[in-house]
Structures are given as structure tokens and as C-alpha cells.
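Provided herewith is a single structure, encoded as C-alpha cells, for subsequent inquiry.
We call the chains A, B, C and D, going by the order they appear; numbering starts again at 1 in every chain.
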């Protein structure tokens, strides 16, 4: 099968996330990296291009010359899909231009800094009939997909409680050091928008809830914490959630959870059973029933769903991790780009982006206006 | 050393909690069970008395005859301390009479159904100079005590986030069955007061937070869930907490967390480190630091505090559990009754009872009045 | 029901094991401690007797006066059962005298230092029709009993592999210090017999294998390690096991497993499924099947066997530990002493003692004679 | 940097291991796949070549035409390194031809079926100065490398006990089914050589022991189990190990450990501390000390060694798994092929292959000759 010609905007030398995108793209042999704009200077972009043995004619100085250059090529050579891995506040403009010129887009989250921009992109995606994949990576884990399928198959009954947390400790030392806080983009409202923690990690937990339950969060009431009075953005918060009549729960996100790794957890309780998953041990899915032994499900086994099995690449018992989850999104997007039938939930779309931004805006509003309920 | 003469009100044949109290009382050889009122009928009380080889003269029909009978005995023979293990709504009257007659009291939680009653008991305890031990059993676990001591010793720095949950699945089948719900006292406001889940298990999480942090919860904002419209009391809820300037967190309690055991967890994050403990694996205490290996502390080792070591009875590596934690409260109360010096936190007092009832009242008010902040 | 009158030989002030026996004896209200010989000096025995409010007339200077004194009492007052908690090399003589005088015996393991002595005791037990309970405490854990029952019910099919380990680190510092090694009885062949580690902890693993599988170890081949040339007894070893045609496995025991707690583990694999249990997390039993989710069983639930449920004392979700396991042996012995019907495996008997000593002798012989197979 | 031109022999359409090699090769952007012989038929090889957009001129019918064809090309275009992923009994001949023609080789384990062949290859590798990488994948895990480094840095003192197991359940149903056993190459001595389980998985555990300890296993005594009399090869076994004066231990491997995943575990105990790692949770490394809290180390943190950190690709807290470990071997081999300085242990060499085969031969001999010690 012809590989999809991929461009990348961002993710230059020394960038973790750039490398992660390239690994995810190569893993299933669906994409071939052609070029893009890797760094803020053309010279540095060329350097990475050389390391990767790319044709330097396909390296551009800015988004406009990228579009112009690629459109000038015959369709069979032209880059088809473009990964956006630049800082958040630059997503909107780049994505807009790419979509309007019929490039498929694979975009880091959050999709934009405001829901107005996100909604605009959503409409453009529809109008231009391109594929837009938002990298909420955690939805790519096989056991997250299994969790989703078990709920779909009514294995837990009617949902009655939702519990999600995303705790992280790595920024804690910086938060406590006023000087170093100044130099970091995530603590700067000009670059990161109205929220730090909720936009960075809280929205992943939000996305996961809607992904696995199939429910929509209808309204939120939040209490955010900036920890220091001179710190403008939230570094911690708890959000009460309502997802329908008598379906309640919460989402907690914190970057002052000292010593925690990327501790994203989700627990969904239904009338018949409960399910629990956590990102730091992603190959374990816990199925809890009344008066029955706890069941621990693992990836790749026949007893899991087809969707989950197809999200693994090797025999059971060989742990897969973050890159493989990431690659599952690229794999889903490749199917969509090629016009193949995809499973519901194979990759997050622009609509997930819109939901995410609306969640962030609602959470910030609720906390600012005195912990009131705000609809999402 | 002379053993303390113990009476028990409640906990008759077939009662789990009665057996638990007797085990806790016997474990450290500080108490000798003399008599009491075990069941609602005298005949059944006598039956248990016979099983236990007790002198049936020390078995009474009601609290008044208990008091009269015991006061008639010489002080050296008289029951000194009385365990109250009857349903919640009967605590107040029995406790009041015992305290006024100078009996020490060991009482099941919640101490009373209203804070007015609890405060009255608190004043009586002070006036009559008796010992009052409230059985918040979880404070008796060695690793909970170690957690408390690590915070006291500034091992985590300034507290910045508090996270507590108490999830239970065993009542879930009954909650979904309208008929069986009717017959159970915990779902009946006449017997259990204004709250089901928060009063039953949420208050344990609340007590644990205040116990280990040494902080007071200043205000709460809650969202409770009755699940069914015809169910009068909460079976689930999340409570936002404030414990001082920029110290926030939450407490979640649920009896619709299907498949969960007594899953009480507490996580406290400070500026320097975090601590995590969970009741279903009570011999593990997790100490989390930035960029350092996770440390797992266990009971009985020299590296733990004196208070924690003295709360174990055997060499490290021999798991102890719920009864041993329970016995630690009895042990602390025995020291207090004998006028010995006790460690801060060796057993919960009537004041913990007052705090607990105030918490329950505040949580219910917050949820009823539209999820507003209520001070505790 | 009349309580069983209990005496204790050994376990004086400051003794962990003495306290453990008293806790185990009191927990189910079947025994009442009457007297015994607690310490090597009469004066110290009296001291503990006073602490425990015992009648000092029932405290004796030596085993002969104990027997004489008790036999002189009317049968209804006489001590019925006697716990032996003195050093190993004293077990034989005391047990022999007690059995010959019709006292029931509850004895610490190893029952004796040689199999000749053990066999003699076994015959005396039969002849005198007394109950003899050997405290292989680990067989008292509810999930060990559940493991046994699952095998009995053919839940794993035909047994095909047996794996047991008992690793301990607490003696490691002493083993490396020649001077301190000298003063410790367990490293002294005169007191502890022909083996240190195998007799101390290896035999527990051996007992557990035979207990849960219902199979007999037919022969062993071992390789023991003394670590230092001037250390006479084993501190570490691995034992190959044969339990029947094509049923093989091993048992590893080590007191130089630095940093390990009492890490006793057992894994039994059958043609259909496997089972795993470990003492440091005794409330978890793992049931492994091909291509099915792992199941985690916990104590007290209806889905476990009657025998397992009856070995717990409180509702599921309240962890029980070592003392409760110990008390289950006392409970079983009480039923036997009272002539009630007991479950197979409710407590280890003198026959388990004989098997254990034979195992130790076979293991030592195999290693000494050049790692050859020795039948048990 | 110029990418290394890679060929693959084996691993055609539908092959797990072929895909794993390609993922491992692409992950660090050091290799570019050029061609090879993917399947037993030329037509099927071409099919995969087309799927992967490879130049079909670089697809060959057999090893001789591969060598001839590639040698005919200018050196700058010629395939430099070749992955061997065909069944075991074909390794020797293919590897020999490749080495003699100066191709670097990346070879699946076991390197050959006899130690005579392995030694011959070792000599050829030396003579022809090519790089030979044997894919003992587990040595690529960051925490295995950390374990190795901690031992090197004397963090556990002198090694005194070694414990390794590799338990697997996936073949269990086939082993019990005589008919299906016949059709599987691993149970057929003609294809798999003198051993099934020890050659397949036992040797991984053996390799891991020598890798992390830096010690050599000097002699073995084994007891293997074929389970059925009509089954010619071992499916289970335990091996006693000696690694020097008073350094003992064992290795257990089983393919009748029903329900187990790829449960490879290693525990190394030294005079000062112990270390424990298991493959099914590969991001956890346990460091056990006497009387100190257990430490849990995780990948990517500054507190781990440079070697370990350089074996991860993303920030801490993002789980990596089997493919990433595999890719670490490819990364090490790439450095060696390019003549860069490599860390000791960056990839297993032909010498590890020789050791492995010698281990297998010794183990089989020991068991066959009556469980005697055989030197390795």
C-alpha cells in the first residue's frame, strides 16, 4: 500500500514530542516523512532534515511557503498530512491554513486557546473534508479501548459514578520557585491561555471520561488553586461533574501533586460493575463486580474486544507503552485518510478539541465566579 | 497491672461489631469483660453471657438498671469503662447517662445524630473528667500513625493538596432494589439522621484528613447523589475542601462504587513530598519525592516513629490488620483511663465526634442549598 | 460454652511469641489462660502471672511440678491444653511428659530436633488420644485455605508444577558479623539441630506445599549454602522436589535474601489453571487461567469456600493478618479438644511435625552427600 | 547522519517477530530497510516488499543470491547489516555466509542449535571484524540496565544469592494436546534441537543473570520435566546454579506455568542489599535494604544511571515497553556498526550466544545423566 506522505511543523532537534510523533508515524509503516518546518530557524530545520536523510527541498521557512511549495508539486508527490507540534498559541493559525488548503492535520492538544477558534476549525474541517486527528494519546491505549468497549457492551450497567484524576509532580519545584516560574511558557497566560493545569492535563482526564463512557459532561463546578498569589494560572484543581440525571462525579488535576508521575486514573462505576485504569500501569484493566473476584484484564488476549486486540502489535505478555498508544492514533488517522472504515474512537477528532476547550473555559469560569455550576 | 473492668452495651450474639470490640479489648490484656447489656432482650444478653462465662448478675435489662446496679457495687468491683455498640440514634442518651455517672466511654461512631448533642456530650466529658474514646478505627493503623508523624516532622513541607476517598460497593445491590432499601436502617432518615454515606464512611475520610494533617477543614462545598428520586439520603458524593489559604482538596465517598471493598485512601501532597495510604493494603505507606525513588514504608521497623512501632505487636513482616488497629484505640484508652501519659492521637476523643457531626451537617447543607460553601 | 483451660510453657515477659499465643488463644473466646511456666526463673513467671491477673498457685517451677500440681486438682479445674513455646531443643521432653499425662498440646514448630523423637511423639499422641496442634501458622490464613479448597475442587486440574519460596532478610546483618553470629541460638548446632534456615523457614514452605496440594513430597535434592566456611549451618538453599510422576518443582529458602520481609510465596500450576499466594499480602489469592482474565480472590466473600469464610471474623474488606491466622489454629484445636467435627486441615497435627523433620533431615543429607536425591 | 542500510532474512507477512524487528529498527532513525528474503517463497517476499514500498530488485530468492546480488552493488548502496529472523535450525548457515561476506548481523536467539556451531561463528565474527548482535531483548530494558549499573557501583555489596524464573502459560494447552503438539516446531527435536523450554525461555533468564551480575555461571545441576512420556523435549525445569565460591542460586523455567504471561523475574541479593525486576512490569526496579524503606526506581529519572537514561526516549512517567527495549539493542548495534564508542552491555554479542548454547547443553546433560553437576 502506498505510504501517506507526512510533513511536520515543529518538533525540531532536541524536541521530545517531535521524536514521539516520528516514532508513532513509523511504527505501523503507514507514513513516510517528507519534510516540513521543524524549528524556528530554517538552518536548524535543515540540520534535522539532514540527520533524517530528507530531501532539503521539502524543508520550508514558514507555513505560507510550505503551502505554496507543496501545492506546486504534482498531487502524487505532495505532502498529504501534516503534524502540528508547535506551542499551543500557534496551533490555530497553522491549522486553519492547512485545512483550507486540504491538508489532513494531526495536531497536538489543546487544539487552540479559545473555543471560538476551535469551533471555527471544526467548521473548516467539515467544509474541506479533511481528516483532523487530535493527539489525546491516552485514548490509544489498548486497555482504554477495552474499557470503552466493556461499557458499550453493558458490562457495568447504567453509569452512576465517574472518577478521574491526573496528578503530576514534575513541575512542583518550578512552581515553588518564583524566578524559574517566569521563564516557563506554561505558567504564562500570554502563551498558554486562561489555564495551566486544566488545559495541560485536566483536559486529558476530561477527554478520557467522555471517550470511555460515551456520555457528555453537561456541567461543571470547579475550585482551582494557583498556590501563590503572584501566580496567575491554576496549578491544581478539583471539578465536580454532572453527566446526566443522577450521574455525578469529579475530575481532579494537579501539578503540585509532589512526587507523582503522569498519574492519570479513571474509575467508572455502573449499576452492575466498575472499571478502573491507570496510565502508569497501562496494561492492566480492573473489572470490579459485587461479590465476585476482581478481574484483571490485559492486552492482546482473545477475551478482549477486536478493537483492543487490533491496538496491540505483539503477542500478549510483552508490555507496550506510550509510543504504541500514540501510534494507534496515527494508525487510525491513516485509515481515515485512506478512506478506510474506521472504528468509532480510533482517533480523537476536531470535535474532541472543541469539547476540550469548552471544558477548560467552563472550569475557569466556575472557579472565578465563586464555584458555581457552568454548563459545558 | 490491674485490668480495667469493661462493660458493653450492644454487640450481642451474631453481631460482628460486638465481636470486634471484644477482640480489640482482649488483645493487649488491659481489659476484662464483666458484663453489660448485649441485646435488646434480657434473655439474649444472658445467652451471650453464658457463652462467655460471665457472671450473669452483671447483665442488665436497660441502661438505668445497669447504672444503678454497678453504682451499688464497691468501687473496686465496679465496671469502669463501657463500650457503646448500639445503633446510632441510641448513642446520645446512653452516653449521656454513663458520662454523668462517671463511667469512661468507648463509643462507636458517629457519636450522635446532631452536633448539638455531640457538643453537649463534649461538655459533659470535660465536666465529669471521664475518658471518651470514639472508634475511628483507621487512626489505629501503624502506617496512618507513621503518616501523621512524617507530616509533623516536616517530611513533606507545607501541605498544598489533600485527597481522600472512601469507596464501598457492598450496599450497591440493596440501593438498586427499592424494596430491600426500605428495610435497612442506614437508608432510613429516622434512624440514621440526615445522611447515609457521608455519615457512615465519608466522616471516616474527614477524620483521617484532620488526624494526619493536623489541619482543620475550614469549609466545604458538596454535591451529593441519592441516585434514585425516592431515596431520601445520599449514597454518594464529592466534597470540595478548604483547609487554609491555598490549601485545597476534596473528599469523595460513595456506596455506589460497585465492586469496591472498604477502599479508604488518603493522599497528602506538600511542597517537598507526598504521602499515600490505603486501607485495603494497610501495611504499605508510600513516600513520594520529586526526582527520587518512591519509598515504601512498612510497620514495625526502626526507621518508623516510636508511635508507629508501639502500634504493632510482632516482628516486621507479619501483617496486622483491622482488629489490631482497633485494639490500638483500646490500648490508648486504657492508658488514659489509668492516668498514664498518652501520645497525641492515640485514640479519637469526643472532640473528634463533634468535628465529625459538624462535617456531616455542613456537607448536607451545602448540597441542599445549591452547592455553596459552608464553614465547618 | 465452657472455655478450655489453657497453660503455657514458655513465652514469658518480653517474648513476642508468648504474646502471639495469648492473642491467638483469646481471639475466639474458646480458651481461658490459667497458668504454666512462663520463664526460666520462677520469679519471672510470677511477674507475668501478676500482670495477667492469674492465680499464682497455678504457676510452676518446672514441668514435673506442673504435671504433679495439675493432676492433683479436680478434673473440672485442671488445665486441659498446654502451649509449648520454649526453645526447639526442649520441645521433645516437655511434649512427651504432657502427652503421657493426657494433656492436649499446642506446640511451636519444629516439633523436635530429630525425626526419631517426632515419630515417638506421634505414637504417644495416638496412644494417649490427645490433640496435638503444631503451629504452622501460615495454614491458618483464609486465602491459603481457599487455595487448598480450589485444588480439592479440581479448579486447576492435575498439578504439574510446584514453586515455593521463603525469603527473609532480617538475619542477614548478623550472618555477616562473625562475632554476633556466635551468640545467636539459631546459628548454633547444639541448640537448633542440623539445620538453620531449612528448619526455621524452609519447613514452613514445605508444610504449605503438602497442605495445599494434598500431595506428598516423595524425594528431594538440595544445595545448601553456609555462606561462610566457619558457619556450620545452612543460611540459604534451594531444594528440587518430586511429588509424583512428572510432578516436579522446587522450594527455595534463604536468610541472606537481603531486604526481604517474611516473603513466603507459593505457586501451584495445574493442567487447567494456576494459583499464587504470598504471605506479605495475605488477603490476595491469584487464580490464573489460560486466555482468561486474572482473578483476584479476597477473604470473607460468598464466592470463597465455607472453610475459608469461617476462617475470617469480620465483613470483607477489613484486612486480617498474622494473629488472626494464628487464632484459626487455636480455634481448630479447640473444636478438636471439645470433640467437635473439624474440617480437614483446620490445624497441623503431630504428623505434620514428623513430615517436617523428615524433610529437614532429607534436605541436609542431600546437600552433604553431594546433591543427590533423598526420599522423604 | 547516513542511515545504516538494513536487510532482513525472514519475518514475512503475518510474522510478529518480523514486525518487531522493523519497529525496533525504525525507532531511532538509524536504519533504513532496503530488502532481503522475507518468506520461503519469492512471491510472498515481493508482496511484503510492495507493502513496504521497497525496491523489489533488492528482494532475493535465497541467501546465496542475496550475497551475490548485494556484493555486486557499489559499497555505498550495499546492504550493511542483516537481521536473521528465520527458524532456529537455519541460523547457523545463514549467519556463517553473511559473516564471511562481511555483513554485520543482528540475529534472533538461540544463535545456533549447538555450541560447536556457535563457537565457529564467534571465531568468524572476530576474524571478519563484523558486528554481531544477538537479540536477548530483555537486556534492552532501562531498568535491567539500571540493575546492572547498581551492582557495578557496589550498591548491593558482594552477591550471595541469585534467583531467576521465566514462566509462561501460553503453550500449556498445546502441550496437553498430543495431536497439536506434533505440528509445532518448538516441540520437535529436529527443528529446535535438544531442548524446548530451556532453549526458548530458560536461556533468557540465564543471559539476564550473567548480564546483570557480571558473574559467570560456573556449573549447573538440573531437573527437567517433559510432562508426558511421549513428549521428547523439556517443557519445564529447575536448574541449580553455582557462580563462584558460596554464590548459589537457581533458575526456573516453565511452559506449563498455566496462566502466566511472559513472567521473567530476576532477584539478586548481595551482602548489603537486594534488587528485583520483572518483565511484566518492566518500568519498576525494586531496591531492598535491611531496615530501610523499600525503594522503587523508575526509568528516565536523573537518579538513574546515564546508561539507563539513554535507554529511554521520553520524559519519565510515560511507560515504554518491549519494542523500546528491542530498539535499544538496534541502537547499540548501530553505534557499533558506525564505529562509535559503546557502553558495555549495549547489545548482546556472539559471545552471549556461545554462553547460551553452552548453558542449554549443560542443563540437558545434567538432567539426562541423573541430576549431576555439569560445568558451563
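The rule is simple: a contact is a pair of C-beta atoms (placed from the backbone, for glycine too) under 8 Å apart; a residue touches a chain by one contact, two chains touch by 3 or more.
Worth saying up front: this structure is predicted, and the values here are computed from it rather than measured.
Looking at B-C and C-D, the interface holding more C-beta pairs in contact is that of C-D.
Comparing the contact residues of chain A and chain B by number shows a mostly shared set, over half of all numbers used being common to the two copies. Computed from the mean C-alpha positions, the centre of chain A lies at a distance of 55 Å from the centre of chain C. Put simply, the C-alpha centre of chain C and that of chain D have 43 angstrom between them.
The distance from the centre of chain B to the centre of chain C, with each centre set as the mean of the Cα atoms, comes to 35 Å.
Residue positions 170, 287, 292, 294, 298 of chain B are each in touch with at least two other chains. Every residue of chain B that touches chain C in the complex is listed here, in rising order: 1-3, 16, 19-20, 22-23, 26-27, 29, 32, 51-53, 168, 170, 261-263, 279-283, 298, 313-324. Listed in rising order, the residues of chain C touching chain A in the complex are 287, 291-298, 301-303. Those residues of chain B lying in contact with chain A across their complex are 156, 160-161, 163, 165, 169-170, 172-173, 176, 221, 223, 225-228, 236-238, 240, 242, 246, 248-250, 252, 254, 256-260, 267, 269-274, 287-290, 292, 294, 371, 373.
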